[in-house]
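Listed after this line are the structures, all set down as structure tokens.
Two complexes, one shared chain (chain A), two partners (chain B, chain C).
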Partner chain A sequence: MSEPEIATTETAPRQSPRGLDRPFMQRRAEFEEALARNASARGAEAGASLPRASLWSDAFHRFMKNRASVVAAVAFLLLLAFVIFVPWLSNEDPYAIDFSQAYQSPSWSHPFGTDGFGRDLFIRTALGGRVSFAIGFAATFAIMVVGIVYGATAGFLGGHVDNALMRFLDALYGLPYLPFAIMTLAVFGTVNFWTMVVALTIASWFTTARVMRGQIITLKQNDYVRAAYAVGAKGPRVLYRHLLMNTLGVIIVFVFLELPGVILGEAFLSFLGLGINPPKASWGTLAQDGYTAYATHPYIIVIPSICIAWLILSAFFIADGLRDALDPRTKEA
Partner chain B sequence: MPLLEVEDLRTYFKTREGEVHAVDGVSFEVEEGSVLGIVGESGCGKSVTSLSIMGLVQSPGRVVSGSIRFEGRELTTMSDKALEDVRGMQISMIFQDPMTSLNPTLTIGTQITETIRRHLGLSKAEADKRAIQLLEEVHIPDAARRMRDYPHRFSGGMRQRVMIAMALSCNPKLLIADEPTTALDVTVQAGVLETLDELRRDHGMTMIIISHNMGVIAETAEQVLVMYAGQIVEQASVIDLFDRPEHPYTEALLGSLPHIDDHDPRNDRLATIPGRPPDLLVPPEACRFAPRCKYAGIDDCSKVQPELREIRTGHWVRSRHPASERSAEPVGAR
Partner chain C sequence: MLAFIIRRIVWTIPVLLLVILMTFSMMKLIKGNPFQVTERPVPESIQRNLDRKFHLDKPWWAQYLYYVRDTARLDLGPSLVQRNQDVNDVIKEHFPTSIKLGLMAMIFAIVVGIPLGVFAALKHNSVLDYTAMGIANLGFALPSFLVATLLIYFFALRLKDYTGLPTNGWEGPSSWVLPTIALGIYPMTYFARLVRGTVLETLQQDYIRTAKAKGLRWRFVVAKHVLRNSLIPAVTAAGPVLGGLITGSFIVETIFGIPGIGKYYVTAVTGRDYSVVMGITVLLSVIIIVANLVVDILYGYLDPRIRDERT
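Our next item is the complex of A and B:
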């Protein structure tokens, strides 16, 4: 572009660089045209250059940036793999009693040693883990279902229904956790996988319900919920699409917070002798077996305890990472 | 028959201290194809009026009395189920803050097509086509591709355009725009208003536009309601209202707009209206504007509520001292 010309003589027609001599409307039209050209060019560029990102891929990237959580996730998967694959690949019989092999310290043939009946603890720990994990996952799932339905109902309906449901929950909150679970088991009379799941669920769904209710009430205030109603959305649709779907992040985080609690609860009950019946085992009953001989053969109690601690720690760190990753407010990716 | 008739609408909110009379006896009509502007300061009942029409007043608020008739059908006594079909299909609404009016976890395509499919019963492909067409109508470039984007990838003005597209998706007869441009940049405002106007013409839609911005009202509305403390204080055509405002409140509102034509605004303070609106918990028996009115005091302004009266054809005012009836300067002159 050439230098702006500055009128030097009086006789030359004034030619201002901004073209102020042209009529206003003409200048305005030119300006608008330029603006439109610019805008469409910018629009096309923006559309092309920005990478397409979904909520989940964003969350995944954020999670991968949190080193502690990634380590925890790997640890969790390793433990899960141990529990799943070891009983498959091993040809050791977990129930074979051989007193000549009793109380063997960890060695190549028995990596975790043997117990008082001479049973291999490596495979028993893996099998016990299966039981612990299965009970943990099943009870967590049940807790989520019960808690979400209860909490979402209270939060969505509000008013008197909410009040009644929450006061009932408050009353249940007053009961201590373990006696509640023990009582439930006593009512059933037997301890097996399913009664254990039910007992743990009954004793620990309260917090999930409360958190869900709080989430739903918060989300209900959102403008987009009001806007959805304004364009004619129906109640159940709003509840599902705009409220429940938006709590998904919280629910996922809560699964990983609830899981270790439930597994610890199961271990605790088993340790007290209220666990799965022998010869089957969970980490809790294995630890209880070890308790009787802890002075002479400490590895029997230490190994299942480490497994439980490993699981709980990794789940908590995963939950921590997930919470940060799924929170849309942590935008920088 | 007018498209919408509101008669003596009263919407109160229950609070611990008592009932707040947010909308207190509002009546107006909207003719098919016209644009009604509602103007007033924050808390005067503009938004509550529109939410009442939509049947979206939330507890602890409720429509206490009055009637709202849309095409002759009474909305206040309609069942929730029937109302759901009126909302979106017949009357639609867009809100002030486009940043929070879209669900952040769904693509805008999903959010638009959902409404279309539910109300019009179209297939997925047809709904997609219609949504793209709508987005093009509100001037979103590259509409087909933007369908798959999440709301956080849109600017405020774009989001408001998406909201408009959504509100228009089922061809409503009446669109209520509650402060549609308040949250936007001034430059974006003009564009959004222009689009709204264009769409209104194309679709033959009736519109109620709510704003506290006199400029927005002047540009868009045909008829104007001025609200103050839950009541209508003046009603006139837009030209008459801006040329010959009658109510002291309207005069003061217009007087408090900055002018750049006659003097330098930087050297002058902006004119303001002294005082605050009355407490709507116990609305005064008197004229509600009396404590702030510079003409009040010569007669029983502080005792009796003035009625809304037609001071000339099509121009209604609720004041004892409308501009055209004043002879002298204010008595309690400031």
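Our next item is the complex of A and C:
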């Protein structure tokens, strides 16, 4: 390797000894640029270019190497596309009742058949998926917000605050999941999209909070946190930039762990008749519809259940792949 | 060790109080007086007497203390909907069924799940491993209402002539089979995955290599070293799983029409019988808390490092 190339590699960090107070993205861009320059310089010599190495592109490459996770990601996107596009493209009326069309077996005009009211199940499954996904995404988002705020507060402040918050969380762990969600719905008195989201969130934010606390406590002991304090960074800044930013990987993994759980929880509630009211439907309501006719038309309960299973499995393998991709320390090569 | 156990038991008291408080306040938040739900309005004098009898004229914290006191005396109060029936009667009538169903599902999960996980790990990356894990993944992903319905459809309807199993009810062993499997499949897959993971981990330990190097028969190594060391996580996981099975059979009980506590809970919620809802929730919480307590003590016993970490 010749002299100037080494120089380019080393000037980038040296130019910004107090680079800590510049925006993260800017510093990262510079860093990546320097790496790329270095890589292309070396690549020119070796006759090939080295891949850029940022956390996300690294993680992406590692994720793409995990075949099960890639298949799962494709499956997940297919399901999402089905749910989003089918109601747009289809001109079937999902609420039109036509008893002459009741309980049709799957055919070209009705790929999933029809239900007892003669409604097309293909479009109803897609629409039900929209409801399930919407509740799932909203509740997962709420779980993340509540869990992160609660867990980060406990982990960052430590001491008595941490103790009190964790004791409270311990007590909440004693509450059974479904009854707790059902009681929350009873408190609201009505079941609609938002009360469902709140009920599911209240019943299932504990694990995220606990994991976040553990993450923050582990990260707090890193040298770079001490270094940040030493150069004069204040608490909130350290919390945001050095602690929370470093938990992003865990948070993304948890999104894919919570999403299927919440959607399944909603399906259970709807199946028990405690969910969204007809004629609106989620996968759980569709499954309940199917259950009432299982003896003669078993495919009606199978379709929404397969959708749920599809979602659970794909999300699970995506989470698995993301965990390995974002935290390579947990997996030996 | 004794100090750890005592500390752990004492700590459950505030947890219980808090759980009861949360349940209690949620019930208080539900709008409306329970005695005004019926169409016929209650005369004011009777209303006052009722309020006094159930301490509804006292401030909320006094009502809470009364409820805690009664709960401690194992009296969960009267049902609001069923005349002349206490919550205790409801529990006595329906809970044994749920316990029985939960225990049988637990036995099914352990008897099938643990060997499945062990064999899958011992034959790592073989056809058996992939098949077992495929089944485990399916059982993990398929919602219990589908599993239950398909079991009924195939084994109680299509193959009725061969199996002779009823589609629903809870009379006699033949009606226990399908609900037990339906409820037990999910924990079965859980045990299978858990045990497979721990066995694979144990197989890589140095003492296994030592045992093999000593020339011990492989069967002996597995029985003596691998199993003993890898089943501890399964033992400690068993507590919460059993708690979950006893308290979480809503779907299965509803589908099979089993007169257990989960089915009654759903009926009570739709029928607005809130004292029953509250009583059952408190009962289920107590079971989960006790299950966690037992596991913690067991864990502290099996792994001394835990004792100092936890309270």
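The rule is short, and it goes like this: the second predicted complex is superposed on the first by the 276 of 333 C-alpha atoms of A that agree within 3 Å, B and C clash if a C-alpha of one lies under 4 Å from a C-alpha of the other, contacts with A are read in each partner's own complex, and residues count from 1 in each chain.
In this section, a residue touches a chain if its C-beta (ideal position, glycine included) is under 8 Å from a C-beta of that chain, and two chains touch if they have at least 3 such contacts.
Nothing here was measured: the structure is a model prediction, and the numbers come from that model.
Once the two complexes are overlaid on the shared chain, A:Gly273 sits against chain C while remaining clear of chain B.
In the overlay built on the shared chain, the residue A:Ser90 is in contact with neither chain B nor chain C.
Judged by the touch definition given at the top, the superposed model places A:Gln101 against neither chain B nor chain C.
By the touch criterion defined above, A:Ala295 lies against chain C but remains apart from chain B after alignment on the C-alpha atoms of chain A.
Touching more residues of chain A than its counterpart among chain B and chain C is C. In the superposed model, A:Gly174 lies in contact with chain C only, and not with chain B.
When both complexes are aligned on chain A by C-alpha atoms, no chain A residue touches chain B in the first and chain C in the second. Within the complex formed with chain B, the chain A residues making contact are 39-40, 43-44, 47, 50, 52, 54-55, 158-159, 222-224, 226-234, 237, 241-242, 245-246, 248, 328, 331. For chain B in complex with chain A, the residues that touch the partner chain are 54, 56, 59, 84-89, 92-95, 97, 100-106, 114-115, 118-119, 141-142, 145-146, 148-150, 152-153, 163, 166-167, 169-170. Of all residues in chain C, only 14-16, 18-19, 22-23, 26-27, 29-31, 137-138, 140-143, 145-146, 149-150, 152-153, 157, 247-248, 250-251, 254-255, 265-266, 269-270, 274, 277, 280-281, 284-285, 288-289, 292 touch chain A in the complex they form. The touching residues of chain A, when paired with chain C in their complex, are 167-168, 170-180, 182-184, 186-187, 189, 264, 267-268, 271-274, 287-288, 290-291, 294-295, 298, 301-302, 305-306, 308-310, 312-313, 316.
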